[in-house]
Every structure is written in structure tokens, then in C-alpha cells.
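Here chain A shows up in two complexes: once beside chain B, once beside chain C.
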Partner chain A sequence: MTLLDFARGPAIHASLIILAAGIVLRLVGVLALTRGADLSRPRDAFGNFKGYRTVFSRAWPSSEFNAATVYQTVMAYVFHIATLLVVIGIVPHIEFITSLTGASWPGLPNFIGVALGTIALVSLLALIVRRLSKPAIYNSTVGDYITWIIVALPLLTGLMAFAHVGFRYETMLALHILSAALLFAYMPFSKLMHAFWFIFSRAQSGLAYAHKGVRI
Partner chain B sequence: MSATASTQIFPSFEQVYQGLASQIGMLREMAPQPTKSDEKRLQGAIDTLIADTNADEAVWLESCIHCGQCTNACHYFQSMQDAKYAPMRKMDLYRRVYHRELSPMRWWHRLVTKPVKLSDFEEAKELIYDSCTECGRCTMVCPMGIDTASLVHHMRSAMVAAELVPPELAALRMEQKHQGTVFGSSPEKLKEMIDTIQAQAGVHIPLDKETADVMVLSSAVDLVANGNGLLATAKIMNHLGVDWTICSDGFESANFGLLSGDMALWKKQADPIVAAAQRVKAKTVVIAECGHAYPALRWNPMLRSGELPFQMMYMSEFLGKQAKDGKLRLRPLDEKVTFHDPCKTGRRGGAFDEPRAVLEAMGADLVEMANNKEYNWCCGGGAGIFLLQDATKLRDESFKIKIREVNETGATAVVVSCASCRLNFESGRQKNHWDKRVESLVELTAAHLIDNEAIDDEAPARGAVQ
Partner chain C sequence: MAYEATLGDLLRSQGVSRRAFMKFCATTASIMALPAGAASAMAEALSAARRPSVIWLSFQECTGCTEALTRSHAPTIENLLFNFISLDYHHTLQAAAGDAAEHALKEAMQANKGEYLVLVDGSIPLLEYCSTVAGHSNKQILEDVCADAAAVINIGTCSAYGGIPMAKPNPTRAVATGDIIKDKPIINVPGCPPMPLAITGVIAQYLTMGKLPEVDHLGRPVAFFGENIHDRCYRRPFYDRGQFAETFDDEGARKGWCLYKLGCKAPVAYNACAHVKWNNGVSFPIQSGHGCIGCSEPGFWDMGGIYESVAKGNFGDGAKLGAAAVAGAALGAGAAVLARRRKSEVHHEEGAES
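Our next item is the complex of A and B:
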């Protein structure tokens, strides 16, 4: 079995199983805890439901916080959108998804894929530069840096494989798939779980404050 | 009966602040020492956190991505620029306990992390008490919407179990627990103050009526230091002609159970108020201008207020409702003022419109601060921090944000509606020789009541009285 066969076969499949099982374990383990009821009288009998809008409204910080947050928010959006488009938009990724699920859709032209991958990597660099330059703001931990590396690796190796830089193509491709496998396996046990938590966390706070008639 | 008269009967708030400051200094000596073994204190703290952690807390603890957005939103970080004051750091210890005790990954965390020690709680004390007013401003910017203030509150409960409550809060907690008073504000003190107000200001306060529509709470600051607060309240109630009373077995708004994190004491303090209000068949309970009393009574999730036969209103809400209904007849306030939303009644309470309605009824030229209502900067004195000597620098430095915000409005006075905020503003005003006046909403309202046309000629707006 070549390295590429290992990456394409057992490695990526095992990582996807860990990904799915890990997400379920962590979500269920937390959400199955009891919830304390708020017995106080709400400000507005039906106002609590308004709290759910925080799930959406918190997608962009309020203007009061602009000066401190705009750089990071813009970069984070660029990173998330570019990465998502690369993950689901380029032909080799679609072929992989098709092999697993049968679903398929037209891919982006190569040059757009490369451009998006580059944008994603550059925005990720822009975020780490800021994190490193303002240590008092971020209070970074080892986990923050490990997560950054694990997220950056698939982007870097993917671009290198496409551009035929570094090792020979098959090796680079294997390294790219292995780095994606690492990301999948790491995701449920790291802060990358925010992909799920943000909905619950925002909704909880939105409801708690809406109960008092406060829109957050 | 005017503001001029009232300032003659009782000391000015400047003197009130100075008097209280010296009393606060003595609290440190009265603080109780730990009585349990270190093991029991640690276990108590951990057990408290386990008991307090529901899915809400767990989700918030899981959600932090260390994005740093909260850091700049905190007035303590802004003023000190020290990484340790970042709000995200204030839940680190809680998260460590959660990871090892409750998280679905606890088996892993127990393998790779060291057990939490009592010294960890000792180190967290500054973050949990001195540098967090539980104001909730960090929640407003957090992309995950994490309610750090709630988590800090649970940590305070753990600190009670660990016997690590700061000396000032610990002393007042013990006083309220064992004597039922705060700074000696006993029912006798209440009676004395009511008699003084009757004798010297000629204002009647109906104490312990059998039934009343409105039951009014007082607060320790009013009873032992600032008689003007209770006098102003009485004048307004009498002006409105409402059927009101103060009950000597349930009058204290201040709740050092909630402030220290001792929820058993919170209940011990809240229950008699609820019982008194039910006994007098009150339709409304008015909570004195004591910011923390609002979440202690109105919003405490453990108080089944939906089933109570009365509503609870903060003083500013009550005044605002009367103003909106046109029942408050007020002389104009020809002045540019700004309003400071106390965090407990504003962002964490929702009473935004009512205090503004009162100022509007006075025709005041109200100028909002750049960050107002939900986004208001905390004054730095809430959640008991005004009392903490160790937090003096944090408080003084963070107050400079408030000075800047108020100055930018061009207002000549800032109106507050919370005794803690007011004391902290007064402290900041004196220390910085600040040229703004600090007004309490209830006293400002009382000073502008139109009771008797003749009074108008001799008493200028309270703003002019120094």
C-alpha cells in the first residue's frame, strides 16, 4: 500500500468516523445536561422568542465595537467563505464527496480554486499575525496555535500539490489528504467545535437577555 | 420641602461618600477567617460548580474560541491593558473544573491535566471579584454570545464555599446573615430615619401599614448614610397619592448573598420581602435605587415571580411609568444631562426607556453617551466592587472611561439610578476634581416635583444647589 493509498483509504475513512462520532459524543454529552428553568416573570410574555434572533444578529459585531473588531471580523469572514468554497467547490474535492455520498455538482475552474485557496491561506496568516502581535488581547494557548497549524496544513499542502511544489505530486497529494484527515479527527476535540456551539451559545444568551427585554 | 431644605436636614452626597468610605475601611478588620480545612474548602468549591453547571453553562464553557473580542470590551482591560483582565480568562478555572468533572471528554482531561488546587481559586479571586462587575458588556461583542457574567457569578458561589470571599464582602455577608442588617441598617434604624424625616422635613412615611398597593423597599445606603434618598422617595409617593408603605420586616434592597455568591443568604434575604409584600396585599413592590437588588429580586431565576400576585419594579421603572402616565408633575430641568445605565438595571435588566421618560418629563436636554443602553460602559463599581479596597486601582482607572464618555456629551450633569454607581461616580468625581454633577434619578425627580407653586420661587432646580 502506497502512502497515497493509505491516505485515500483507511486514513481518511477513519478520520471521518472519528469526526462524526466525536461530534455526536461532544454535542450529546453537553446538551444532555439538564437546563435550569428561569422562574422569574418575563418582561414581555412572548418576548423570549425574540432571543433567537441573536443566532443571526451576532454574525456581525455592533458598530460600538467597530474599531477593535473590524479587522478580525473581515479576515475571519474571508477565511471562512474562501475555505468553504474550496472545500466544496473544486473538482477533486467534489469527486471525493461523490465517492462517499453519490452527490455531485459542477466544480469551479482551477484558477478560481487556486485563488480561493490562496486567499484562505493569506487570511489565516493575517489572523495569526494579529494574534502574535497583540498577546494581551488574545491570551493565546498552545491549543490555539496547534489548531491554527492543523487548519493551515490542508490549505498549504493542497496548494503545493496543485502547483507541483515540494515533493513529487503523489506524495504531496497524500500529505494533503493526511493533513485533511488530521483536521477531521482533531475537529471534535478542539475549539473548531464552535462550528456547532455558536448556534446554542448565541441562542441561550439571546433568550436569557430577551427574557429581561434586552436585545443583544 | 425643596432640595435646599433636604440638603440641610441630611448631609450632602459628597459627605455621604466620605462617611461610607471610612466605614468600608473598617470592614476588612471585621472579616471572618476560614473555618474549614483546605480540602473541604476546595471540595466545596468544586461541588458548587458541579451543582451550578447546567447545559447553558457547559455550552458557554465549550464555546470560547479565544478570539480576543471580549478583551477590548471590558473596562478593566481597557484601563489596565493587562492580559489577565481579559474576560475570557475569568472562566478559565471554571472550565478546568468542568473539563475534569462534567465534560464528555472528562476521562481525557483527567489524564492530561493536573487536579485543580485551592491555590488556583485563591489566584482567581482577583478575576472573580476585583475585576468583574458582572456587567455583561463582553457578551455584547462575543461572536459566540458567551454570557461570561453568569459564569463569573457561579465562580463567586464557588468562592463562598472555598471561603475566599474578599474581606469587605465577607464582613457584610456575615452581618446580613447573622444580624440581618447591612452597615447596621436595622428596623430600629429605619424607624429612626422615618421619624427624623417626619420631624425635620414634615414628610410622612407610612410604616408597617396593614395593607397597601405599593410596598417600597429602602436600602442600607439610604438608612445609614443618605437620608435624602428615602426622603425623596417619600415625597414622590406622597405626591403621587398612592397607597404605599414600608415594611419593617422586609425593607432591605441590598443583598450581600447575591453579591458574594452565597445563594442561601440570597434566599434568606429575598423571602421576607416576598412574604411582606403578600401580607400587605401589595400590587407593586418598588425596589430602591440599589442596582444589585434588581437582579436579586426581579430577575432571580430561582424566584418564582411569575406566580406572585404583585409585580416588582425598579425605582426608575416605577418613576418612568408614572411619568409616561402623566402622573408626575415636574418642573423643567433646563440643563444638558446624560444618563448612565447601571449594568444591573440596563444591559442585564432591560430598564432603558423608563428613566429616560422621567428626564423627558422634566424637559431635560438628554444627550446620550457614545456607548449607551445595552452598550454602556460600566462605571466600574458594581457587583460589590465599590467596597473592595484591593480593587481601588482597577476602579479608579476604569472610571476614566466614564469621565471621557460623559465629557464628550457636553452635559453638565450625569444622572444615575443605582447607589453603587452613584458612590463610584462620587468617588471618581472627587478624586479627579471632575466638574460634572452626579445626580440620583429619584432625588432629582423629588427636587422637581410641583407640589406647591410657591415653592418654585424660592427653590431653584436642584442642579443649582451645591
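Our next item is the complex of A and C:
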């Protein structure tokens, strides 16, 4: 079995099983611990609605913090959007997803894929530079840096495989798939779970404050 | 002692001009990335070369490799060169049969001890009764013949890497030549079939330089197998622009767009097809509208379906993902119940203390 056969066979298969099991485990495990409803009379009749609205309103910082947070906000948006477009937009990824789900859609031209991947990687670098230069703000743990590396590796190996640089293409492709497999397996047990938690945490904050009549 | 014809004599007798011969030498030398002066040295050495003895062993194979080499569209210098070698033993091409054929083999081995080349096509079954010649198993013949050989050239993917006989479930327990012969220089010229120029190029270099050419990590001559077909493909700009044929009869296929989505293995295949081409440089599979099947790579029959694109994953049983999600839910619920119980115990203890 070659490295590529291992990567797109047992490795990616096992990582997807861990991903599926891990996400459900974390979601059920945490959501089952939520407190019961607050029985006090809400101060805002539209509390629930306003709570759920927070899921979207917290997508951008309050205007008071614009100047202080514009750098990481913009960079984070650029990173997330570019990464999402690369993940679902380029033809090799669509082929991969099609082989798993059967679903298919038109892909982006490859030069746009390369541009988006580069933008994603550069914005990720911009974010780690800020994290490293302001330790007092971020108070980073080793896990934060490991997470950054695990997110950066698929982007880096993907761009290298795409551009046919580094090792031979089949080796780079195998390393790219293995790095994605690592990301899948790591995701449920790290801060990357924010892909799911952001909805619940924002809604919870919004509901709690709206119930008390606090506008956020 | 009788005069032994040189290659130069043979070419002249066939009406090949010196200019045409020099062009062949220059082309071969440049393809094999030999130094600038090598073409004339090659011409000199080749024209004076005596017939080298070659023993061609055919094991679990389909004769396609021999067909590729002998059925050239027109008589080329490549096949003249092939005709020049003293092919002392070849099941398909030799006139002798039965005892006479086996006698020719023994005679060639004795007369050219330590100097003959062994060309092998076909894989070797470790279940030895699966393939025998004149009462001897393929494995035994290979070991006996290679014992006094100068070098071994594997012709085709079957002898180089096992090929189709070794594909799962490998009923004959087929292996490659290199799995059995460990003490001789071996060069692989894989392909299903291999390019005739690659075969003659290796022989030409051996005749002129007295050694086998530089090889890659899979034992293939770098000159012919050093480059990725995808990198050399004339359809590459369509790949870069994201223009793909979706089926073999759609607009993209008619316009000659990239065949990546139709399972083309060019990104993971290394061969000279895209620039040397086949049938005297007329075409190659991708040019004729079918994706590369990666025939020069190890295990290409087990690399996934011919029409499955390189990027497709092999997920085995999809139901396992569902089962994993259910198991995850059970574990998560279990963890939550345990956490609640622990919390209530803490409360209970705190209540008891106060």
C-alpha cells in the first residue's frame, strides 16, 4: 500500500469516523448539561427573539471596539471565507466530497483556488503574528499553537500539491490528505469546535441578557 | 572465425542513411539527457557494436509488450536496433520450438556467460505450478537464467511491479522480478505496454556506455520516467482554467478539455507518453480522448477505478460513519449523565457538611 492509498483509504476513513463520533459526543455531552429554563418573569417580552438575534448580531464587534479589533476581525473574516471557498469550491475537493456523499456542483477555476488558498494562508499568518506579538491579550496556550499548525498544514500542503512543488505530486497529495485527516480527527476535541459552539454560546448569552432586559 | 555484422552494417544494408542514424542518436542522447558530445560517441559505439545476446523470458504476461515493440507503424531505427540484438530466446518470436528452443537458451547462456542481457516480461507466480515452461516453473527459470546475466531489464509493468497478475486477490501470488533477483543490476521499463523508445533507449545506452542509465526510486530510467504526464500534458491549461470534460460525449470532451474528472491518472503517473508519444509521435491516450490509466505505476490495477478521479477517497463502508455518530451520541449522553451525577454528589456532600 502506497502512502497515497493509505491516506485516501484507511486514514481519511478513520478520521471521518472520529470526526462524526467526536462532534456528536461533544454536542450531546455539553448540551445535556444545560440548565433548565429561567422561571422568573422576563423583563423583555421579545427576549427569546432577541436572544437568537444575538447569533447574528455578535458576528461583528460593537462599534466601541471597532478600532481596537478591526485587524483581527477583518483577518478572521478573510481567513474563514477564503478557506470555506477553497474547501467547497475547487474541483479536486468537490470530487472528494462527491465520492463521499454523491452531491456535486460546479467548481472554481484552479487559478482562483490557488489565489484563495494563498489568501487564507496569508491571513492565518497575519493572525498568528498578532497573537505572538500581543501575548497579554491572547494569553495563548500550547493547544492554541498546535491548533494553528493543524489548520495551516492542509492549506500549505494543498497549495504545494496544487502547484506541483516540493515532493512528487502523489506524495504531496498524500501529505495533504493526511493533514486534512489530522484536522478532522483533532477538530471535535479542540477550540475548532467553535464551528458549532458559536451558535449555542451566542444564543445562550443573548437569551440570558435579554431575559434580564439587558440590551446587547 | 566468421565475420560478425555490426549494427552499422545492418543499418546500411537496410538503406538507413548516416544522417538518419545520427538523428536517431542525437534524439536518444538528448531524451536521455546525456552530455552534448554523447550523440557522436553513441553513433560511433553503436555502429561498431556487435550483436549482444539477449534472452527474453516471458512469464505471466499477455505479449502486449512484444507487440508494442514489434508492431511499429513503419520500420524505424528503434525496431532495427531491436532486430540487431541477438534475440536468442523469445517464445513468441523464435522459430524453434520444444527441445530446440530450450537448447537455444542453454547454448546462449553458456556462450555468453556473464555478458548476456535478460529481458523479462510478465510477473512470476510464487505458486510455482501456475506457470511453467518445459516443465520448469517461472521462478526456477528466472533464477537459473539470471545467475550468469550481466543485467536484467524488466519490460512492462508485470515484470517490474507485478502488474495485472498481482492485482487483488492475486490468485497466483505473483511477484515482480526484483522480489526474487537481488544480486544483479535491474532496470524497470514499465508500462502496459512500455514505450518502444524507452526499451531501445535503455539498450542503446547499455551498448554505448556499458552501463544502465540513471533510475528513479522505482528503478525506472529517469530519462523516460522522470516527468509527470500531467506537467507535460497539452490539456494542462484547461485544468488550470477549470474546464473539464464531465462525460466522454459532452461539449468539454469534444473541445478537448481536461479529463481529470473522468479519472485521468496523469497527475500521479510518470512516463514519456505526453512528449514522445506513440505510433511514431502521432498521438497518446489523452490526445485521443481517454484519460491516462497510470499504467507505468506500481499496483496500477489496485489504485482505484480507471474512471475514478485522483482526488476521490476510498471510504469503504459509509454506514460506519452513521454508526460512529450514534456511538458518539451514546458516549456524549453517558458523559453528561456522569457529570450530572458527580455534580449532585458534590451538592449532597456540601449540604451534609453545612
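As a working rule, the second predicted complex is superposed on the first by the 209 of 216 C-alpha atoms of A that agree within 3 Å, B and C clash if a C-alpha of one lies under 4 Å from a C-alpha of the other, contacts with A are read in each partner's own complex, and residues count from 1 in each chain.
By definition in this document, contacts are C-beta pairs under 8 Å (C-beta built on N, C-alpha and C of every residue); 3 or more make two chains touch, one makes a residue touch a chain.
For clarity, every value in this text was computed on a predicted model and none was experimentally measured.
Asker: In the overlay, answer first, second, both or neither for which of chain B and chain C A:A208 touches.
Answerer: In the superposed model, A:A208 contacts chain B only, not chain C.
Asker: Determine, under the contact definition given at the top, whether A:I137 touches first (chain B), second (chain C), both, or neither.
Answerer: After superposing on A, A:I137 lies in contact with chain B but is clear of chain C.
Asker: Is A:H80 contacted by the first partner chain B, the second partner chain C, both or neither?
Answerer: In the superposition, A:H80 contacts neither chain B nor chain C.
Asker: Who contacts more of chain A, chain B or chain C?
Answerer: The partner with more contacted residues on chain A is B.
Asker: Output check: A:R26 vs chain B and chain C. Expected answer is one of first, second, both, neither. What do you get?
Answerer: both
Asker: Considering only the touch criterion stated at the top, classify A:N110 as touching first (chain B), second (chain C), both, or neither.
Answerer: The answer is second: A:N110 touches chain C but not chain B.
Asker: Using the superposition on chain A as set up above, list the residues of chain A that contact both chain B and chain C.
Answerer: 25-26, 28-30, 32-33
Asker: State the interface residues of chain C toward chain A in the complex, per the touch definition above.
Answerer: That would be residues 228, 230-231, 239-242, 244, 260-261, 267-268, 298-299, 302-303, 308-316, 318, 320-322, 324-329, 331-333, 335-337, 339-340 of chain C.
Asker: Over in the complex, which chain A residues touch chain B? Could you list them?
Answerer: 25-26, 28-43, 54, 58, 61-62, 64-65, 68-69, 72, 76, 131, 134-141, 144, 189, 191, 193-194, 197-198, 200-206, 208-209, 211-216
Asker: Considering only the defined contacts, which chain B positions touch chain A in the complex?
Answerer: Interface residues on chain B, with respect to chain A: 53-56, 58-60, 62-69, 71-73, 77, 81-83, 86, 88-89, 102-105, 108, 139-147, 150, 298-306, 308, 311, 347-350, 370-371, 374-375.
Asker: Applying the document's contact rule, which stretches of chain A touch chain C when the two form their complex?
Answerer: Per the touch definition, chain A meets chain C at residues 2, 4-5, 8-9, 12-13, 16-18, 20-30, 32-33, 91-93, 95-96, 98-100, 107-112, 164, 168-170, 173, 177.
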